[in-house]
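Going in written order, the chains are labelled A, B, C and D, and every chain counts its residues from 1.
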Amino acid sequence: MSLKVLGILGSPHPFGGSGMLLRCALEAAQREGAQTKLLSVYQGEIKPCQGCIQDEEPHCRFPCIFEDYGKELLLEINEAQVLIFGTPVYWYAPSGLLKNLIDRMTCLENMVAYGEPSYMEGKVVGIITVGADAGLTLAGAYLLTTLNAMGAMVPPWAHAYSRKAKGAIYDDRAVMDAINVGILSVGLAARLKGLPGRLSYLDDPQLLEEIRQKILAQKEAFEKEDGKTKAPESRP
Amino acid sequence: MSLKVLGILGSPHPFGGSGMLLRCALEAAQREGAQTKLLSVYQGEIKPCQGCIQDEEPHCRFPCIFEDYGKELLLEINEAQVLIFGTPVYWYAPSGLLKNLIDRMTCLENMVAYGEPSYMEGKVVGIITVGADAGLTLAGAYLLTTLNAMGAMVPPWAHAYSRKAKGAIYDDRAVMDAINVGILSVGLAARLKGLPGRLSYLDDPQLLEEIRQKILAQKEAFEKEDGKTKAPESRP
Amino acid sequence: MSLKVLGILGSPHPFGGSGMLLRCALEAAQREGAQTKLLSVYQGEIKPCQGCIQDEEPHCRFPCIFEDYGKELLLEINEAQVLIFGTPVYWYAPSGLLKNLIDRMTCLENMVAYGEPSYMEGKVVGIITVGADAGLTLAGAYLLTTLNAMGAMVPPWAHAYSRKAKGAIYDDRAVMDAINVGILSVGLAARLKGLPGRLSYLDDPQLLEEIRQKILAQKEAFEKEDGKTKAPESRP
Amino acid sequence: MSLKVLGILGSPHPFGGSGMLLRCALEAAQREGAQTKLLSVYQGEIKPCQGCIQDEEPHCRFPCIFEDYGKELLLEINEAQVLIFGTPVYWYAPSGLLKNLIDRMTCLENMVAYGEPSYMEGKVVGIITVGADAGLTLAGAYLLTTLNAMGAMVPPWAHAYSRKAKGAIYDDRAVMDAINVGILSVGLAARLKGLPGRLSYLDDPQLLEEIRQKILAQKEAFEKEDGKTKAPESRP
């Protein structure tokens, strides 16, 4: 059975810079044989964490006390072997809404308090961050460290970033890096299952161009569709 | 006219660890002659930032496009001369809801895109973080750096922290540090107005005890009141 | 042939807090069948990086232009499959001398500028940080992120830390975490070679005690030996 | 008497990117009436910190146990009212040699253990970081947080950065930011002495150009002089 890769987008723009680089990573993952899915934290409500973990009688356990879109995401996260987070960098960090999800992911890790392993243990993670200026490393370091402390593994070169904002898809190095995030995270997960998988950086300008064109075509289709349903002055 | 100090609480618990240390800082600020107010990000809805700053026609300007509780907070922030952020540390960072507010504060800083100074310029900030384990420095460094990059100033010893979680109020050093966050941030703001103000760390065990007792009494009163209105099994 | 694990100590104290936790990790790695070695950055001269990478004609390539102890360390790093860094936290970061080594490790990564893969690619890394107060997460996040950006992989739970300073060896959770850093980093490296290896956190109080006693005995022997060769007033 | 501003350069290149931006900040500070001096950590030996603070009988007090160039720097730091750190970003952090100095600065802060205030208390700090890629925010956040935790104050917009490496002097925004680091840090220190001082960001393209040309002329003179004393193939 093929590996499940979940892309989690922290951006309000499905085809903004981080959205497109995340799609590059997922496209690359799919070409490596994985089954991929992309979900955005902006697609529904994610109630903020209530910090139950500090209650007298702690009830912080998977899949959280809330019945909301956040729970759906947590269930999907639990099912995946590979998680790739793509986020715009808002003030040197993931978007607030993605941070809400991170907070809610406590219930996956906190299973250790109930005598089980962390539900994040053994998953493989990759990170994509896009901004217009600074703080990409700080945001990426934050995510890698947090996810590792929940029990996840990190493949080589796990963080791709671009400071080209909406133009990230034209940032060659960033696109190649994002493709590698897809390839290497699947590669690591595959190798741990005894399957073949790539673990060294791939530099392949032709693949880069191919995937870029595919994502740009998806973007065009999305905007066309989006334009039909929304008045032009409204925000996508 | 006295200085306005706004305490912004990032916790779901009004009298949890960060709530109580923040109240210590505000109490100290008040004793220095400031007018203080505490608002929690959990008191209303803070819609997540939509990243308008990347739109063709940017409309990221104070006080944001949204009409919600977040806007009320932004208006209050704009009125204050001193801001003290108190937050629990959820995965080495401020709570997701507080991060939402930080993201929304972009509209204060982005006034520079409209030929005005940043509305954060010249404000003085202090930070209080409380957790059960690690990541307090990372969370505090994040907030200080972000707020400074919006234009705010930082007094000496601007970050008080405790890893005692709910027991933070009994962490002597943390309480003394929090009191200093209140005193020194007001001190810096006052000095810049030509008024007297303290700028060196105060070590005063008697003041510490006095303020601690006062906050503990507030907590007791709050819990009594809270108990009347909520069923005991419900979360505060 | 067995895996080579190199422990790199960033402390002036061979048996200080970070030294002892690092030894716990190495002892655990050895029990997993690995061949281990510990080297301290304080054992010789590590000239500071000269930033050659910015020169017109870049000569930043392994093993660096300098003939010093730093070069010996770089050669050892290149030979190892697993690297475990143990460092005291000086101001929320690795010691300056360890930072010198990190800077010098640029020549391993910069082989990509010469058409080769990074010499760090595929290695597995673990981190141990010990301090007396705060900043452990920031220091650990820094090291994990940096090493991953050089091409290294990160096993689950890769960062063990204690804020007990010299008493870290008595910090049960930290010792168990350090032992896991040893086990899991060897586990990941082994699994990638098709060998059996553990990838889930081990909670084993008996092993903890056994390894602690062994390291404490080593410490006693070291101090005895050290006392013979050094005047009591001199620093170890 | 005029304010003393000390520029501390963490680069091996006196007129590299960080060196030149630091000189811009100092030039601006001088125009505000301050007395300025620039010292590089590469001008002499800075022995690595021995962590005395953990000894049974702690002897970590100003100006440190070592008699070396590091001590000279510590004495100069102690004399200054304003400190501006300029550093290249080596792996998302200050250079290892500058980190050595930060570690050694512990003796300034640790005077609190001897019943005195921290010798860093009340100083004003600014930061300049230059790199070729990422990690500028992480490096700047690190320095601001550390210096604030030693007792220093932070003016608005205290961190200027450029990712143009050697070309930083041609990065308009970075040069204007660096000039502001000079103006605003002197402004804050002056205001606290009851003197006039600027505390809002200055956007002045003419001043920018004037200072840039002055620093470029200094660079040319330096290289001419340097060329006389060194063989062309040696590193500057």
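Just so it is clear, a contact is a pair of C-beta atoms (placed from the backbone, for glycine too) under 8 Å apart; a residue touches a chain by one contact, two chains touch by 3 or more.
None of these values were measured; they are calculated from a predicted model.
> Identify the chain pair with more contacting C-beta pairs: A-D or A-B.
A-B
> How far is the middle of chain A from the middle of chain B, if each middle is the mean of its Cα atoms, in Å?
From the centre of chain A to the centre of chain B is 30 Å.
> From the C-alpha centre of chain A to that of chain D, how far is it in Å?
Comparing mean C-alpha positions, chain D is 38 Å from chain A.
> I need the residues of chain D touching at least two other chains; which ones are they?
92, 137-138, 141-142, 145, 149
> Select the category (line, ring, star, complete, other) that matches the graph of chains linked by touching.
Per interface graph, the chains form a complete graph.
> Using the touch definition up top, name the residues of chain C that touch chain B in the complex.
Result: residues 92, 134-138, 141, 161 of chain C touch chain B.
> Inside the complex, what are the residues of chain D that reach chain C?
By the definition above, chain D touches chain C via 11-13, 16, 42, 46, 48-55, 88, 90-103, 106, 132, 138, 142, 145-146, 149, 165-166, 235.
> Contact residues on chain D for chain B in the complex?
112, 117-118, 121-122, 137, 140-142, 144-145, 148-149, 151-159, 188, 191-192, 194, 199-201
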